[in-house]
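These are the structures, in structure tokens.
In the two assemblies presented below, chain A is common to both, partnered first by chain B and then by chain C.
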Partner chain A sequence: MTGTGATPFDEMHGDTPDGMRGLYGKVKLWLEQTPPETLAARRAQAELFFRRIGITFAVYGEADAAERLIPFDIIPRIISRSEWGLLERGLKQRVQTLNAFLTDIYSGQECLKAGVVPHDLIFSNPQYRLEMAGLAVPHGVFVHISGVDIVRTGEREFHVLEDNARTPSGVSYMLENREVMMRLAPELFASHHVAPVETYTDALLATLRSVAPRGADGEPTIVLLTPGRYNSAFYEHSFLADKLGIELVEGSDLFVRDDRVYMRTTDGPQRVDVIYRRLDDDFIDPLVFNPGSMLGVAGLMSAYAAGNVTLANAVGTGISDDKAVYSYMPDLVRFYTGDEPILQNVETWRCREAPSLSYVLDHLPDLVVKEVGGSGGYGMLIGPTASRAEIEAFRAKLIHAPDQFIAQPTLALSTCPTFVAQGVAPRHVDLRPFVLTGADQVRITPGGLSRVALREGSLVVNSSQGGGTKDTWVLDD
Partner chain B sequence: MRIRIHHTTQYSYDRPITSAVQVLRLTPRPNDAQHIARWRVETDIDGRLKAGEDSLGNLIHTLYIDGPVQRLRLMVSGEVETADTGGVLVGAVERFAPHVFLRDTPLTLPDESLRDYARQVAGATTDRLQLLHDLLGAVHRDMTFCTDATEAGSSAADAFAQRRGVCQDLAHIFIAAARFLGVPARYVSGHLVRDDGAIEQEAAHAWAEAHVEGLGWVGFDPANGDCPSERHVRVAAALDYLGAAPVRGSRFGGGREEMEVFLSVAAEHNWRNQ
Partner chain C sequence: MLSRTADNLYWTARYVERADFLARVIDSAHRLEALPASWSGSSTEWESAIATSGAAPGFYERYGDANERSVCDYLVFNPDNPSSIRSCINTARSNVRAVRTALTSETWEALNTAWNELNSVDPNMSPEELSRFLEWVKGVALMFDGSARRTMLRNDAYWFLRLGGAMERADNTARILDVKYHLLLPATEIVGGGLDYFQWTTILREVSALTAYRWVYKENLKPWLVADLLILNRQMPRSLSSCYDVISRHLDLLGDLYGRRGPSQKLARGTLARLTGLRIDDVFQTGLHEFIEQFLVDHEKLGVAITDQYLT
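Up next is the complex of A and B:
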């Protein structure tokens, strides 16, 4: 995806190439005083560090399926305290709405009765889990952990691109990037008041503790359930379990007896209260979902329905990740909170609606078309860079199953200075802050994961598509 | 009609199992066409049966077994008084609006050839009830009942490609075609009094229900080519076989498993033969 022609907002220079935002003053000076060879040497050190700790990911669909390192850019991305305040308020509102929406569609369905969202969009969607209807999730929280993708288009303009309410990943990069950055450029931390991110693990633990079932006595036992070492995010699963001081388990380490979940230990079975699960709904219980799943726990849904265990996130949150459902989020914010949305959506055409479909078909070369159930940058059409043949192939898909697609304009994502082969140059970025919702409060670690499109002009930041990451600083103004 | 059912499922294992969990959908709920006079679900081992219901309103038991167990029997027995409602379901528990049952599942997703078939059967018919009766007749006529062509995991498309299958497959084909034609449809598991007088049966029965405005849910039994009558006992309904399966289980240990089903379904005049 390439830019739309208009000059994007640059987070160091502002709206004009020769402008300068005060926030970046000391970093600019640092860049001017550090020779390119030194920057290159530090980047090499960073890579060595990441390789040593083994933080890699697998790319699905690649022939060699080799584990790759996500490139790390050593120039930090900076967000001011007041910008962060705006984001924080907006994220809280957004996540409260997500939880209200999920509670509603699995119980009273007021938003359907009021006509805010059409029935068939929910009921015909496989991500709407019938098994969750009427099931009282502990403390009423569905989305405990979300990784909301934010894109910036101007000084105070932030848009939500995706809510990621299933099993968002990337938080290990947020934490590791900071650790590496502090080793490589301690002088920058000496001259800036950077809000810490290492508080994330304590916040996550507090969140998970707060949502333990009411029957759990004393200190709840929390485990992290992973699909196993072949999962692309396995590194993150083991990293987080280690940081949280909880057991990393696979389905075969757990069992259900009399509607209660136990973990096998050398001291005998130990009751489990909260499962931070990084396993998709489909695989979580072979007696209820995919019967061929070897990754889940038989009977887990019975224990869940009995209120004896908390699953974080709850089963059935994927419905809010559907991109057609996403398009209703501003209306849902108004419906559940009574307030105007603080963070905007990206304009979205729902191809299931005839007028939108006809507009989209007429403007394919200008639009990004996505599958409603897709994620990770897979299976989408990026009109401006697609060949005529690709566009025509996509047109056929759209006409065949319009309700499977939405379309969005290509946004002029903000850019940040990035160290690339040609030296320091602006590259497009997005931001994934991690929002934690407990029974007691919403916790948001200042910052998040910034992803950067390393190719000049590219707007695709997905790590599966060659994007890199940056350390993200929230600074007092 | 007064119907007595004895249904035993027996599992034997090479080696003792150390533990097992099963979700059972073996208990019918009353509706206007069936009064449950008595019903029992039991096991012959020291397990715990917890009664409940699933989100669709089907009565379930979760069975927890601690080993070692080398043989396990699930025994269901009961008596049901049925009435003929012309296939129309009245007085059943409904947790979801009918259009929920338009969604496809892996077992009911039609392929191109099944979609073509549905289009051909539908032709220009606009009356929904007529359309469903045409579909019922067509599936009954075009499919050959055969127990060794398919297995429990076969999809509607698999069975349709062979034009052979058991009542489960015929129900899936009917459901896949109905949904493709825009009619909400669902899978029903249950029991049937055979009209040839045979009491011992090899397996439980299955049919479909489709939603018709004005009438509500109407049963269609493509294996028999008619609508359910007083000879049918309705046990569970779901999107497909998996959702209504009599037993879904998981076990630790045990090695190879052998399962045997003993089923007798008898109307009152045949009780002395049961």
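Up next is the complex of A and C:
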């Protein structure tokens, strides 16, 4: 798929094909001086490294590829300090709004009273958890960890594509990509002042500590709750637990007694204060949500409601990153912060509204249509590359349940130089920075996960759809 | 430490030890089979390999008789045999993957690398290739043990690994004795012809103690001394006595760390005390076979006690 006519912003060359952005000067020189064979050899080395330490992910529905590698591109993606400053302010504002919205929607519901978002968008949404209504979450934080997807369309133009406020993943790639990059191209780090990303784990630990229930005496016990080794992101779960020095637990390792959470240890039951959970709401407590879940902990919600344990992220955050609610984010930013949004939304048609629906139905070949609750690049229509049959099938779905869909224009995502079979060529990228919100402060690690669509012209960067990753540098101007 | 983590570590060590043991059993059976037919004529070495491996029931459901082909197929690569070498390495790796935060990266990589290599191995092997493969398996166990010993903190994670390894070792040595005790009875000394001699060396090879025997006893092979080495000799790392020394020591370390001792410490110390006070003559007096059978019952009991006390 190619962008709709507009030329994408080239992060190395800028707006003119033979131009050059100073930021990339030394990397360009490095690329010119390094023969393709050396680049290929280093890429092979990177792959070996990833395979050896076991950085793999699983693609659901692919039986033969239970453990796959995400391709790593060895040309770094560079963001300048001033661009980063803009992003940082925008991200902070965005995540503060998400938290304010969640606090509001589960208590006073001022945004509904003021008519900023329509009632039925919230109350008919399965991501709105009635169990959370009126529940005071520890320290008032709902979204402790978010991975906001950003796309770039110009020199100073950044858009938020998705807010990812449930259990965002990918941060292990941010950290491991840096590790590999420093091994493979130490000479580049000698000539650039790259902001470190290794501080992320300390920041995460500080964040999780800060939100421990007030009753927790002394050093809080923090655990990471994983769905288990068959989950696609299991590598990341074990990686983070290791870096944080906390136990990696499965639901069966925990139990609840008298509204308190304990883990089963070789030394008897041990009290748990904070659960960094990488398990979806639906599975977290079979007594309250999906009763068939073998992954959760019976009674966890009751302990949570009693204020005896912190869940990070809180239950019910899915309502804030729902794609239909997303379209209201600029208004919500104004409503809660009183300021203009620093980061823009991508223009979004809500198919639930009749005029938008008819526009979308008339322009399906030009648009990207997404399910409001979908993620991971599944369940979407990419008009420009879809076959006529796919478009017609989607048209039927849209007419059948318009409120389940939103549509967006196909954006001309910026490109970065990428080492592909044909040599070094521009490929489309996005960026997922990670924003941590504690009781004390918001922490944002300079950098993030850059995903790159390796196929020429493709705009789909999802790893489940053949995307790769890059190390992402924030550099002083 | 999470009970599940302890359970995974304990079983990882057991599976690695088992893979190493199977490699030795198969290797030894090969050597025995290579003997001139006049010696080995009615050799039932492959049957005894299957019996020693503890996989006999599953084996005879699938194969008519035990020969080189069928036994190697079942014990080395068969994915349906949960105790084949391949299954052992797969299970061990899957176990540590679930608890890799409890291991150092070196120890994890030792198994993960082995697992990656195993995936690219073609099971259709010539005898030479198989022999090289078995050497590789022993190397994996050395890498794993060595990495753990060189890099891991001396805490409960390490102790559960050592405990699992020693439990499996004791089990394996006892199983050899259970299957081959008749070869070690003193009566065979008189008639001990060439085949017996090779049977004894095979037993020693299975526990990699052929050279050790000479160093310890400075004598020709005598079956009761082979039994002594395997059961009572504290210097021999695969002897029952030595294994129980390790088991008891690590259970005590765990008991001290957690501030209390329980049934597993009591059982282990009981068995260790019995082994310590014993001479090989006493063993033969009460009957070697009876002794081994009782040992296996007690050992099984200890396994259950460890599971109850720590692993669930």
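Of note:
Rule of thumb we're sticking to: the second predicted complex is superposed on the first by the 472 of 477 C-alpha atoms of A that agree within 3 Å, B and C clash if a C-alpha of one lies under 4 Å from a C-alpha of the other, contacts with A are read in each partner's own complex, and residues count from 1 in each chain.
Just so we're on the same page, a contact is a pair of C-beta atoms (placed from the backbone, for glycine too) under 8 Å apart; a residue touches a chain by one contact, two chains touch by 3 or more.
Predicted model, so just to flag it, every value in this text is computed and none were measured.
In the superposed pair of complexes, A:Gly108 makes contact with neither chain B nor chain C.
Of the two partner chains, neither chain B nor chain C is touched by A:Gly215.
Of the two partner chains, chain C is the only one touched by A:Asp267; chain B is not.
Once the two complexes are laid over each other on the shared chain, residue contacts for A:Pro365 go to neither chain B nor chain C.
Judged by the touch definition given at the top, the superposed model places A:Leu287 against chain B, while chain C stays out of reach.
Interface residues of chain C facing chain A in the complex, by the touch rule stated above, are 1-6, 94, 97-101, 105, 108-109, 112-113, 116, 156, 160, 254, 257-259, 310-312.
By the touch rule above, chain A contacts chain B in their complex via residues 119-120, 123-126, 130-135, 255-259, 286-288, 291, 298-299, 302, 305. By the touch rule above, chain B contacts chain A in their complex via residues 19, 21-23, 48, 50, 52, 54-56, 62, 64, 66, 95-97, 99-100, 102-103, 153, 239, 242, 248-250, 252. Across the complex, chain A meets chain C through its residues 51-54, 228-229, 234, 238, 241-242, 247-250, 252-253, 263-268.
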